[in-house]
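So that you can tell them apart, the chains are marked A, B, C and D in the order they are listed, and the count of residues begins at 1 in each.
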C-alpha cells in the first residue's frame, strides 16, 4: 500500500486532511498542491466546506485543473467573484478558517521565510516573497504550509529572514506531517516508508513527537479523487517530488 | 466560520425572528430606495425593542421604527424622508424628546467605521472632518502622520453591527445575492457586520449567478438566511423593479395611530403572512 | 424680464452657473435644486462636464426627472455605477471639483449647520444631519450650497452647531449669490428684484460687496432648459420658494 | 479634474508614450493573468528607464522589464513566473545584483498603501504583520488604538502610483472599462493612481455598457486614454477570452538575447505597429 503513496500524493492528501466541515478554506498563488488538496477534499469527503481561491472563485466548478493555481478557470462555475481585497479582508477580520500559505523555510515555531536565502540585503537567492503571509499567517484561524523538500535547509532552526510569523497550524512534507502544539510544531505522523528517526535527522529544529505515528494510509476515495484530478500524472510529474534524495 | 451551501430561504417573519432585542442593525439602501423595509416592519410586528440602527442615510425605516418605539440608538449621517416630505417626523421627535440616543456621523465617517470592521482593524483614517463639531461630540481622535508626510488625520473607531440587512433583486437558494443599479453602502455593511440577512425580490436559479458572477454583491457563505418577497422595498423603490409609491408614503405620514396600522396591514409581507396561514 | 425670474429658477440657474467645463460635479441626497442645476447645465451650456450623483450615475441620461434626488432613475443611461464609497473616496483624495452640499444655517465663513436648531443635546429642532458635509466640505475643491429661505435665521452670525467647516465656495438664496473671497463669503450679485440693502438687511453676518451687482439675467437657453426639465412647474410648485415673505 | 467624454482610443505605442522615464506604474492583473503586457513590452521598445513597478504579484511583466533594464525599483508582495516556471529569473538576478531596489510587501500591505491613496489619507491600518521582519525592514509604524479597544496596529504609508495600467475585456470609445472574472487589485489601483491607462481586448458600443453599468470597473472620467488590441495580455491569459500560452512563456525564458527579440517580435502589438506603418 505505502509504496503506491507517492510523496506527491502524500502531500496533497495530508493537506486535504486539514480541511474541516463548513469551514472557509483558501488557496492562493503558486499553490498547486493546496489547490489539488481543496479539489480532492471536495471529491473524497462527505462534508461541505467553502472553497475560495485567489482567482476569485467561491465553491467553483472548474472545467479543468489548471497548471497555474491562480488561473481564472478556478472561478468557473462560481456564483460570485470574491476578489483579492475581499478575501484578504475576510482573513484580517477573522473570517478565514484555513489558509494554505507557501514557505521556503519553516522554523520550529512555524514561522516562515519566503524572502531570501542569505542576507536580505545581499541575498544569495532572492525568493518570491511572502505574498499574503505576513498578514494572513497571524490573522487566519489556521494556516498550513507544505514543503516539497524536507531537509535541514528547509526545516530550519533559524530562518534567514522572518517573512511571516504567527505560527503555522500544520506543515506537510514528503515524509511528515507537523501540527502546532503549544506554539511549537510537533510531529503528528510520518510517511509509512519513513520513520521518526529519519524525520529527526532531516529536521534542524527540535520537536515533540510523543503523539506521532505512521500517517494513516490514504483511503480508497482519496486515491480515486487524486487519480481523477491528475489522471495522466501530469501534476505529479511536474512537481517531481522525491521521498528522499539518492545521496543525502 | 462560513455558512455552507444549504437552502437558506425562509419567510420574512422567520428572518426577523433571528434578530433579538437590543441588536445593532446596519440597514441597506438609502432614504426611500432599496431598503429592506418588509423586514423592518416585521420587527415592529414582532415588537422588537432597543434596536441600534446603523445607516448613513435612513429615512422611512428609522422613522417607522421610532414611531413603534423599537429604537434605542441611531448612528446616522443624514435622516430624512426625502422626496417632498422633508424631515422624518417620528425620528425627529424621538431625538428631540431624548427617547433615542443619536451618534451623529458624516456619512463617510460611518463608512470609515464599517471599513475598520471589514478590514479587521480597530480604527480607520477618514479625510476631512477638520473644523466640524462632530469630532468633539463623538470624541474622534486626530493622529499625526507617523511618516511625516501630512498633517493630523482623524481616525474613526471600528463599527461592527450585529447584523447587516440588505434588499437584493435576486438571490439563489444558497443565499448569493445581487443588486442592480447602485448598491449604496450595502457592500461594506455586509463585510462589516457579524451576520448577514438578505431580503430579495425574487429567487433565481443558481446557474443564473454562475453566468455572471461579477454581479454578486454577497456570496452565499457570508449569508445566514434570506427571504424572498416581491415588493419587499415598498413603499420605497427597488431598481429596476419598481419606483417609490409616494401616495403610500404620504398615507404612512398620517398622524393618527390608524395610519400606522393601515400602513402595516397594506404591506406586502402582511399579505405573505396571511398566505402562510 | 426679471419678473419672470422666479426665486426657484433663480436658485437653480445660479447653482448651474457654478459648474465649469470638464470638471467633476456631484449632487447628492435631499438636493432637488442642485440635481436640476446639473441637468440644466447639460442642456444650456456648450461645454462638457462630468455629472456624478448619489444614485451612482455617471453622466446619466435619465428618462425622467425624479422627485427624489437620490432616485435610481438618475443612474439610467449611465455607463458605470459609481457608488457611495467611490464618490466619497474621490472627494477625499482630491478628485471632486464641485460638490453641492445642503445646509440649514450658513455663517460668514461659509461653515454650515445641518444638525440642530438650539443646543445639539437638547434641540429645539433636530435637523437631518450633514450627510457628507463634514468630510466633503473640507476636501472637495469647491462646494456650493443653497437656501430656499434668506433670513437672519438661515444666514447667521453664529451657527447653533458647526456640522461642517472648510468654507463654501458659493451660496445661492432666492435673492443673492455669494462667493468666497479671502475665506469669507462675499456678495457676488443680487436678484434683479432685490438690492444690496435688502441682502444686508436679511443677512446676519457681515460681508464684502464691493464687486456685487444685479445678477445677470437668465439666458434664453437657461430659461428653455429649465422649462424642459420642469414643464408643468411641478418642482417649482413643490419647492414653494418665495422672494420674500409677505410680512418680514 | 475629470477627463471629458472625448474619444480616447489610441495605439499601444501612443499609450506607452504617455509614460515618462522614472514613472511609477501600478500594473493590473496577477502573475500570468490579465496583465497589460502589450503596453509593458511597448515600454521596452521605447527604451523606457528607471521605472518603479507597483504590483502585489507581478511575474512575467516585471521579469521582462528587468531583463530590458527598464526598472529602478520594485514594490511587490510576491514575484514568480508561476505555472511550472518557478522564480522570475531576470527579476531575481536584478535584485541579487542590486540593479533593482526592492520594497518587499505582503500583498495586503501594498493594498493598504494604495487604499490610503484612494481614500485620501496619509496612512492605512493593516491587520497582521506582527512578528514579520518586513515591518522593521520597511520602517512600518505601529500605532496604539486611540480608543483603547485593541492592541497596536501597523499602519502603512500611502502609495500613490503615477499610473495605473489595467487590462480590460471591453472598453467604450470614452474610456469606460469592464473586466470579467476576478479583477485582482485593478479596482484599487485605478483609485490610487494619479492617472489611469487602459488596454482592452475590444471596443464595444457605449450602449452595451449602459445595459449593465454594474460591470464597469473604471468609469470614463477617470481614464486618460485607452488602447484596443486583441490578445494584449499575451502570453498570459485574459478571462474568458484566452488562456496562458505556455509555450510562448517557455520560449521567452530562453537565455540568449535572441529569445527576447523573438518574443518581442511575436507579440500582438508588434503586428499592430506593422499594420500602422
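We take it that contacts are C-beta pairs under 8 Å (C-beta built on N, C-alpha and C of every residue); 3 or more make two chains touch, one makes a residue touch a chain.
Keep in mind it's a predicted model, so treat the numbers as computed, not measured.
The minimal number of chain-to-chain contact steps leading from chain B to chain D is 1.
For the pair chain A and chain C, chains touching both partners: B, D. Simply put, of B-C and A-B, more C-beta pairs touch at B-C. Distance between chain A and chain D, defined via averaged C-alpha coordinates, is recorded as 28 Å. Inter-chain spacing, taken between the CA centroids of chain C and chain D, is 40 Å. Taken residue by residue, chain A touches two or more other chains at 56, 75, 81, 91-93, 139, whereas all remaining positions touch fewer.
Looking at chain D, residues 119-121, 126-127, 181, 214 sit in touch with two or more other chains. Chain pairs that touch, as defined above: A-B, A-D, B-C, B-D, C-D.
By the touch criterion stated above, chain B contacts chain A in their complex at residues 1-6, 117-121, 172, 174, 176, 191, 206, 209-210, 213-214, 216, 218-221.
Against chain D, in their complex, chain C makes its touches with residues 21-24, 48-50, 52, 56, 58-59, 61, 75, 77-82, 86, 89-95, 97, 139.
On chain B, the positions that touch chain C within their shared complex are 30-34, 56-57, 76-80, 82-84, 87, 91-92, 95-96, 98, 102, 104-109, 111, 126-134, 137, 181-185, 187-188, 237, 239-240, 243-244, 246. Per the touch definition, chain D reaches chain B in the complex via residues 116, 119-127, 141, 143, 145-147, 149-150, 153, 155, 157-158, 179-181, 212, 214-215.
Of all residues in chain A, only 29-30, 54-56, 67-73, 75, 81, 83-85, 88, 91-93, 111, 114-115, 120, 122-139, 161-166, 238 touch chain D in the complex they form.
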